[in-house]
Every structure is written in structure tokens, then in C-alpha cells.
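Below you'll find the structures, each written out as C-alpha cells.
One chain, chain A, appears in both complexes that follow, with chain B as partner in the first and chain C in the second.
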Partner chain A sequence: MIRALDIYITSMKNSFAARMAYRADFFFCCIMIFISELLFPLLTMLIYSTGGTFPGWNLAEVMVLQGVFMLSKGAANLLFFGVVYNTLSRVREGTYDLLMIKPVSTLYISVASGFEPDSIGTVLGGLLVIAYSLGKLSQPNAMQWLRFALIFFLSVLVMFAFAVLMAATVFKWVGNSRIYEIFDNITAFGNYPRSIFSKSFQNIISFIIPVGIIAFYPASALLGKDISGILPSICICVIFLLGSLALWKFMLSRYTSAGG
Partner chain B sequence: MSIIKAAAGPALKAASIMKAVAFATYKEWAAYRSHAMVSLFVGPVYFLVQIFIWKAVFSSRGSINGLSLDQMINYFGVAVLINYLIMDFADWNLQMLISTGKFLSYMLRPMSHIYFALSQKVGHRVLGFTIEFIPVYLILFFVFGVRIVPARPVFAVISIMLGFIMMFLVDYCVGITAFWLTRTSGVRRMFLLLRDICSGMFLPLTFFPDVLQKILFYLPFQFIAYVPVRVCVGSYELGGISLDIPRIVGIQAVAVLAMSVFTVVFFKLGTKRFTGVGA
Partner chain C sequence: MGIININELKKVYTTYERGSSFLDTVKSLFVRKPIDIEALKGITLNIEEGELLGFLGPNGAGKSTTLKILTGVLYPTSGKVDVMGYTPWKQRKAYVSRIGAVFGQKSQLIWDIPPLDSFEMNRAIYGIPSQDYRRRLDEMTQMLSLENIIRKPTRQLSLGERMKCEFIMAMLHAPRIVFLDEPTIGLDVIAKEKIRDFILEQNKRGVTFILTTHDLGDVEQLARRVVVVNYGEIVFDDTVDSLRKLSGIKKRVELATKKELPDLSGMPGVQLTGRTSPCHAELELDMEQLELNMFLQNINQNYVISDLTMSDPPIESVIKELYTQKERQPVTL
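Let's turn to the complex of A and B:
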């Protein structure tokens, strides 16, 4: 465990050092990511300013939901989403073998070496939006915060499952950087209250592809809203994670080192 | 007659170069057609999200900012389709060439890199037209029942072509900043976000505050997507200014011309800074 942590911290330091070679670009990137992540809340504000609303949710509540989405995405990007680009670029170059010969789990080293410092902007953006929006609502009690923390952990877990799934896919679908677009599109459903979707879609994003757990359930728990259906969703999250890990193992065994 | 021949000579040569570069790019990217076909999933899913959002928003109101639900869905349908015709990554390409020093080889070629990159975009988007635009159009038509037929087809085609060039010029200018900055991921991110917001990709520009709409009217971004979309829809309005279709397309053409001049000047200033570092 300590060794694993040591590897991760070393990789983190290396990522920071690499980014510091172009300091101005790094800080500019962080600021830009921070601003760009405010896009969804900004669009929501524009919609509400023209009189439009999402039924059952006021502006501050929707912004909390979108802030939670940003926070989950930010944490994922910062800590482990680099595994996708790492795998994608190395498989394309045929240099993924270098990770496979290391005396540590290939998935772990892929995750650790993909630390992305730029995503600090997303985390800060998420925290800012949540804090600002909660300031306009009645404050959550300790139980709501606890529920939020537990469900948010699952949210990050789902993000990890998505990252592993995407990374596993690029072993076969060599060099396809558009895989991020597929992810962004699927998870876009998680940026809005579940109630705006049709019943069948609500079931899909809760019980087939657990997108609802990314932001809807954690935000609902924090806001004291109804979170019925969370238990089956938790089971789906675990299955989703195990499925992604199984796929990773299967795809890794089919890696041919041929490049693309 | 000889004057016409003299003028036609360079034009024919330029057309022949564009055809050759576009064809080579088409062939190159056709090898990755499965990547482009991701659009068959991404476009309709994005559109589906928009349908859910706007149906929910319109559930309590008949119209917002003078737009009905059908008009709003039509707006996003046209925006999704037009994006396949105009998208490019000239900014990424140029900054990569500069930061790696590979741009050096383009400085030695007997043609401007701007024209070369534009020709590449033509080839890339011709491929996009066949494997992205047409299939997604059919999906929107048959699956979502969105009937997208431009109100003034000729002006719509001209406007989309001008939007195609404007998108290229804006992106190319972003790429040119690499002559000064070398690494431009931050600048690129900022400009591309600004471009997408201010061009009406995410939301019709009439949703923005009045003051902002008036400012946007004088910026190049609206000519990338907002104007072509509104021309296809058949009416144009921004910042309280309503214009008929021929007039806004005329203004778009002038804006593209002005942006072209700016790009050439900016490019020349940039190339003076190029040191070939990384080569």
C-alpha cells in the first residue's frame, strides 16, 4: 500500500515538473479550465433568466447539481482520467509494452502516470459553484453531508469505471481520440435533473449506465431531495466497475504492440 | 482575351493545388473513417439531450425569447448538422507544427501554409459530408422527425461556405499565437470556448443579455455558426437588429474578407518570430 502510494506521489511530482516547464501555459490552462467548466451553470443561468425552468428544481438547486458534476469530473480528471490518454497514445505508438514490463499492476501504473495537474481548475470550479449555490439555499445538515460524501464516493468510482472502460477500448480501437466525445455525450445526461428525462431514459441512466449517480443522486442527497432508487443504482455501480475491470483485463491480453 | 487568360492561369493553378491537397487529405482521413463515424453516435445523442432539456424548459411556457419549442429544436438540429460541415482543427495542427519545428518545411514550400491548411480542411470536410453529415441528417429526419430544409437554399449554401472559411480563419489565428507562445493549449482552450459560446453553438445568441448581443454583432464569431443557422431557419435577429437574408449574408462575406486580411497580416508577423526551434 505504501509502495503504491509512493509510486503515485512520484508520478504526481513528475507530472507537475513536466507541466512547470511551461508555467505560463499551465496557469493559463488552469484558469481556462476553471472558466470553461462554468459553461453549463452559465447556460442554466441564461435559461432561467429568460423565464425557463426545469420542473421541480430552482436555479440554485440545478447549479448545485452541476457543481457536483464538475467536482466529480474534476477529481476524476486530476487523479485517474489520464489513464485514457496514456493508454491511447502508448498503444498508438506501440510503446505500451514499457508499462507492462514494470513490476507493478499495469492498470495502476497507467493510472498513476496519467496524473493531470491542469484539472485543478475543474475541482475549484465545482467547489465554487457548490458553495455559491448552497449560499442561496437552506444549509444541509450533518446527515445530508454524510449521505452526500458516501454517494459522491460512488460517483468518483463510476468515473473510474468509465475511465477504465475507455482505456480498455483503445487497445482495439487504436488512436481514437474521439472516445472522449462519446464519454462527454453519455455523461451529459448527468448534468441535469433526472426528472427532465422520460421514464425509460431515467431507468437507462440509473440502472444500465449509471450516469445518474455522478451528480443527480449526490446533489439530491445534499439538498435533502428524494433519492429513492439509490440502492439498485449502487449495485449497478459495483457491477459497472467490475465489468470495466474485466474488460480491461481481456483487452490488455489482446494487446499486440503493433501501434496504429 | 490575353488578360483573362493571364488571370485564369494562377486561379486554375490554385484550384489544382487545392484539389490535390484536398484529395490527399481525404484519402489520409478515410483510413480513419471509423473515428469520424463516432459522429453518428455523438451528434444524435447531443441532439437528444437538447430535446429533453428544451421540452422540460418549454413545459411551463409557450415561447422563450420569441422562439417556440419546434423552432428551438430546429435551431439545434441545424446547428448539429452545420457543425459537421464547418468544423476543423487548424489551430491544433499549426501550433503542433510550430512547437515541434516541423513548420520549417512549410516555409520552404512554394505555397502559403494558410492555403495549404485551407485545402486540407476542404478534403477533411468533404469526407465529413459523406460519412457524418448525410447519415446524421438522415437520423435526425427519420428518427427524430426533424425536417430540415433551408428557407433560402442558395443563400444557405453561401452562408455555410462563408461560415466554413470564417471558422478556419478564427482557428488558424489561434494557431498563429504559437509563434509567440510555443505551447498554446491554454490560449486555444480559451478561444475555442469563446468561439463556441459566441458563435451560438450552445445556445441561440438571442438568449444573451442585450448589451452582449450588441457586442457579438460586431465580433467574427456569429458568422461561424449563428448566421448560417439563422439563414437556414429563414430569419435573422441579434441585439435588436433584424436583417433580411441577403443582407446578413452580404455582411458575412465582408466579415470573412476582413478576417482574411487580418489572418494574412497576423501570419506574416508570426513567421518573423519563427526560429525553427524543435526542428
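Let's turn to the complex of A and C:
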């Protein structure tokens, strides 16, 4: 465990050092990411300013939900989502071999060496949106914060499962550069309260692809809303995570490397 | 029982025929014809601890596939491999902590930061105790004259400096076996010499090296034993001296005469390889077709030899012959 932490921290330091070699680009990327991530909250403000609403949610509550979504996505991008691009480029170039000759789990080393400092902009954006919106609502109590923390952990786990699932597919579908877009389109539904979708679609994002757990449930817990339907979603989360890890193992065994 | 024992190792890849024309490309969107490629056809090989083995073969012969199986990167189709008591692809994590690898065309260094930071990453990955790490790093940087280099960003280093750093990356954890895949590719003579000295020094200390290269200078100066693979099979397995003796039936002759020499290539067993002036010729003589003393006597009587140099053909020509022979039987001496 100490060694695993040592590897992750050393890799994190190296990623920061490598990124700092191009400081102007780093700051520019952080700002651009921050601005682009504010698109959903701004759209929501536009909808509410024209008289539209999401049933059962006021503007500040929806903003909290979207802030939680940004925070979860930002944390995922910062901590482990680099595994997708890392695997994608290394498999295509044949340099994944270099990770396979290291005496640690290939998934772990792929995750650790995929730390992406640029995503700090998304994390800061998420925190800012949550703080600003909570300022307009009654403050959550300690129990609400605790529930939020636990469910937010699950949210990050779902993001991790998505990352592993996508990274696993690139062993077979080498050069699948559209994979991020597929992910963005699927998870974009997590930016809105479940109540705006039809019952059948709510079931899909709760029990098939657990998008609801990314932001809807953590935000609901923080706002003191009803989360009684969360238990099946948690089970799906765990299955989703185990399924993605099994797929990773299977796809890794089919890795063929690249020419001599 | 050696440190590496390979028995009947086979690897078959499935790839797809795509064709080259536009029509073929469109067709391949819907139908692809699978093709099985037999990269290794049953290799059997034993390597003793402390050996420095040259593993040669033309492009696509199966060298890299063998190395990838031996480093635990690829699963074979069939066959047995035992390296230090491990099956590489089954006990990968435990096994790879005891081996190192340098790939001349794949860098382990992080481009934008100093090699020292990349070494630090390997310290964490291999769990090297800080004292050992410091001691080995100091020792290797001194041996490779890298003391002032390892703190500069990798992208500012020369190819030779980067390659030396790759060796440190591969050997910080004190591996028992090191796989080298074209470690001197593109390097100048000084850098090559430094790296070769380093390999020899580490080999003296008991590290086993498996060296894959197209640079026969590496083989001649480093390896004692040479294995040549071609078409997925071993076509030669013996010492470097034995490899040279394969060319024993041929001699290179450089002749200078007082009288003008005619075109000697018409003579049986004589091949003209160079002609710089009418009285000077470079020849390759096949001793199976020609008596050397008769040939020289004949030339001396008719053209008067003023200077003569004789040598064995370079190792390149032997290797070239091995590479170009299709589906040949293994060479034994």
C-alpha cells in the first residue's frame, strides 16, 4: 500500500514537472477547460431566466447538481482518466510493452502515469459553482455532508469504471480517438435532474448505465432530497466496476503489441 | 538447466489482409480475410547464467516476438519457457522485478523532465531502498560519465546521453537478466564504445545479457555466443568464432601487380569485388573451386605481384548469407 502510494505520488510529481515545462500552455488549458465546463450551468441559468424550470428543482439546486457533476468529472480527469489516452497512445505506438515490464499491476501503472494536471480547472470550477449555489440555499447539516461524501465516492468510482472500460476497449480497437466523445455524450445526461426524463430513460441511467450516481444522487443527498431509490443504483455501480475490471483483464490478455 | 530455458516455443498471430487499392480498402470495411502468421515455429534454446548472447535475425524473423514472450509482454501459442523458475506471462509481476530491458527505439525516460525524475519513478515502482538506489545511481552515473547530465531535461540530451540513461533505468533495480533490443542504434562510435564497456563490466559482475542488434560490431565486441533466427526458426547457434569459420571456404584478396591485370571475374571461383586502378584488384576467392597457391602462382608469373593482402570475409557477409537462405536446415559445426 505504501509502495502504491509512493508510485502514485512520484508519478503525480513527474506529471506536474512535465506540464510545468510548458507553463503558458498549462495555464491557458486550465482557463479554457474552466470556461468550457461552465457551459451547462450557464445554459441552465438561461433556461430559468426565460421562465423554464426542471420539475422539483429550483435554479440554485440544479446549479449544485451541475457543480457536483463538474467536480466528479474534474476529479476523475485529474486523478485517473489519463489512463484512457495513456493506453490509447501507448497501444498504438507499441510502447505499452514498457508498462508491462514493470512489477506492478498494469492498470495501476497506467492510471498513475496518466495523471492530468490540466483538469484542476474543472475541479476548481465545480467547487466554485457548488459554493456559489449553496450560498443561495439553506446550509446542509453534517449528516447531509456525510451522505454526500459517501455517495460522491461512489460517483468517482463510476467514473473510474468508465475510464477502465474505455481504456480496455482500445486494446482491441486501436486508435479509437472518438472514445472521449462517446463518454461525454453518455454522461451528459448526468448534468440534469432525473425528473426531466421519462420513466423508462430514468431506469436506463439508474440501472443499466449508472449515470445517475455521478451527480444526481450526491447532489440530492447534499440538498436533503429523497434518495430512497439509491440502493439498486449502488449495486449496479459495483457490478459496473467489477465488469470493467474483468474486461480490462480480458483485453490485456489479448494485447498483441506493435511491430519489432 | 540454464537461467533461461525455452522449449518448442511457437507464436501464431492473426492479422487481416486489407489490400492496397481503393477498392480493397472499401471492401475491407465489410469483409476482412484473416491470415495466420507463424512468427515462431518451435524455438528451443537454453541460456546459462552470466552469458552474453547475441540474438540476431533479419527484420520479421521472430527476434522481437521471442523477446516479448521472454519479458512477459506476449503470450505464446504453445511451448514452455522457464526463466529463473518463472513462466514470464503467468507470473509476470514477480518475474519482471528480476529482469531489465533496454529498447533502442522505445524510451522509458519522460521527455520533458530530467532523467533523474524518471529514475525516481523506477525507484518507487521497484521499491528500491533509498540507500541502494543512491549507491547504484552514483556508481552507474560515474561509469557512464553522466554526473552532470541527469539533471537536464531529457529533451535537451543527445541520443547517446539518452541511451546511457536508458541503461540506468533498466539496471537500477539490479536485475539478473537484461534484454537489450538494438541498444546502440544511431549512436556515434564514442557513445557505442562507452555503452559496450558498460555492458561488459555488468556482464563480468554476473548479469546475463540477451542482445538483439543489427550492428555486428556489437556482436563481435560483446557476444561470445550467437543465435541467428530466420523465418521463426533458429538457423545458427554457436560461438562468434564459429560464425566466422562459416566463411572459412572463402578468402578476400587485395592484389597489386606490376603489369596491368585483365578482368579476372571470368575465372572459376573468382569474384571481382573492387577495381581502383588497372594494376589493382579486390577479389573474393572460393577455395572449393580454386587452389589458392595455383591462383597466386599464375598471377605472379603473368602479372608480377607487387603487394598482396589476404583476409577472411567480414562477419556481415556470413550473416547476410544466413539471412538470405530460405527455410534452411540449422547450421551445425
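Before moving on, here are some points about what is shown:
The definition used in the following text is that the second predicted complex is superposed on the first by the 258 of 260 C-alpha atoms of A that agree within 3 Å, B and C clash if a C-alpha of one lies under 4 Å from a C-alpha of the other, contacts with A are read in each partner's own complex, and residues count from 1 in each chain.
Note that a contact is a pair of C-beta atoms (placed from the backbone, for glycine too) under 8 Å apart; a residue touches a chain by one contact, two chains touch by 3 or more.
From a predicted model like this one, the values you see are computed outputs, not experimental measurements.
Placing chain B and chain C on a common chain A by superposition gives a fit, with no clash between them.
Once the two structures are superposed, chain B and chain C can be ranked by residues of chain A touched, with B on top.
Of the two partner chains, neither chain B nor chain C is touched by A:Ala246. In the superposition on chain A, A:Pro55 contacts chain B only, with no contact to chain C.
In the superposition on chain A, contact of A:Leu98 is made with chain C only, not with chain B. Of the two partner chains, chain B is the only one touched by A:Trp173; chain C is not.
Between chain B and chain C, the minimal CA-CA distance in the chain A superposition rounds to 7 Å. Across the superposed pair, chain B and chain C both touch chain A at residues 22. The touching residues of chain A, counted against chain B in their complex, run 22, 24-29, 31-33, 35-36, 39, 43, 46-47, 50-55, 173, 175-179, 181-182, 185-186, 188-189, 192, 195-198, 201. Residues 32, 34-35, 38, 41-42, 45-46, 49, 52-53, 55-61, 64-65, 181-187, 189-190, 193, 197, 202-203, 207-208 of chain B touch chain A in their complex. Contact residues on chain C toward chain A in their complex (touch as defined above): 13, 59-60, 63-64, 68, 71-75, 92-94, 96-97, 99, 101, 103, 106, 108, 110-113, 117-118, 120-121, 123-127, 153.
Interface residues of chain A facing chain C in the complex, by the touch rule stated above, are 3, 6-7, 9-11, 13-14, 17-18, 21-22, 94-95, 97-98, 100-105, 109, 253, 255-257, 259-260.
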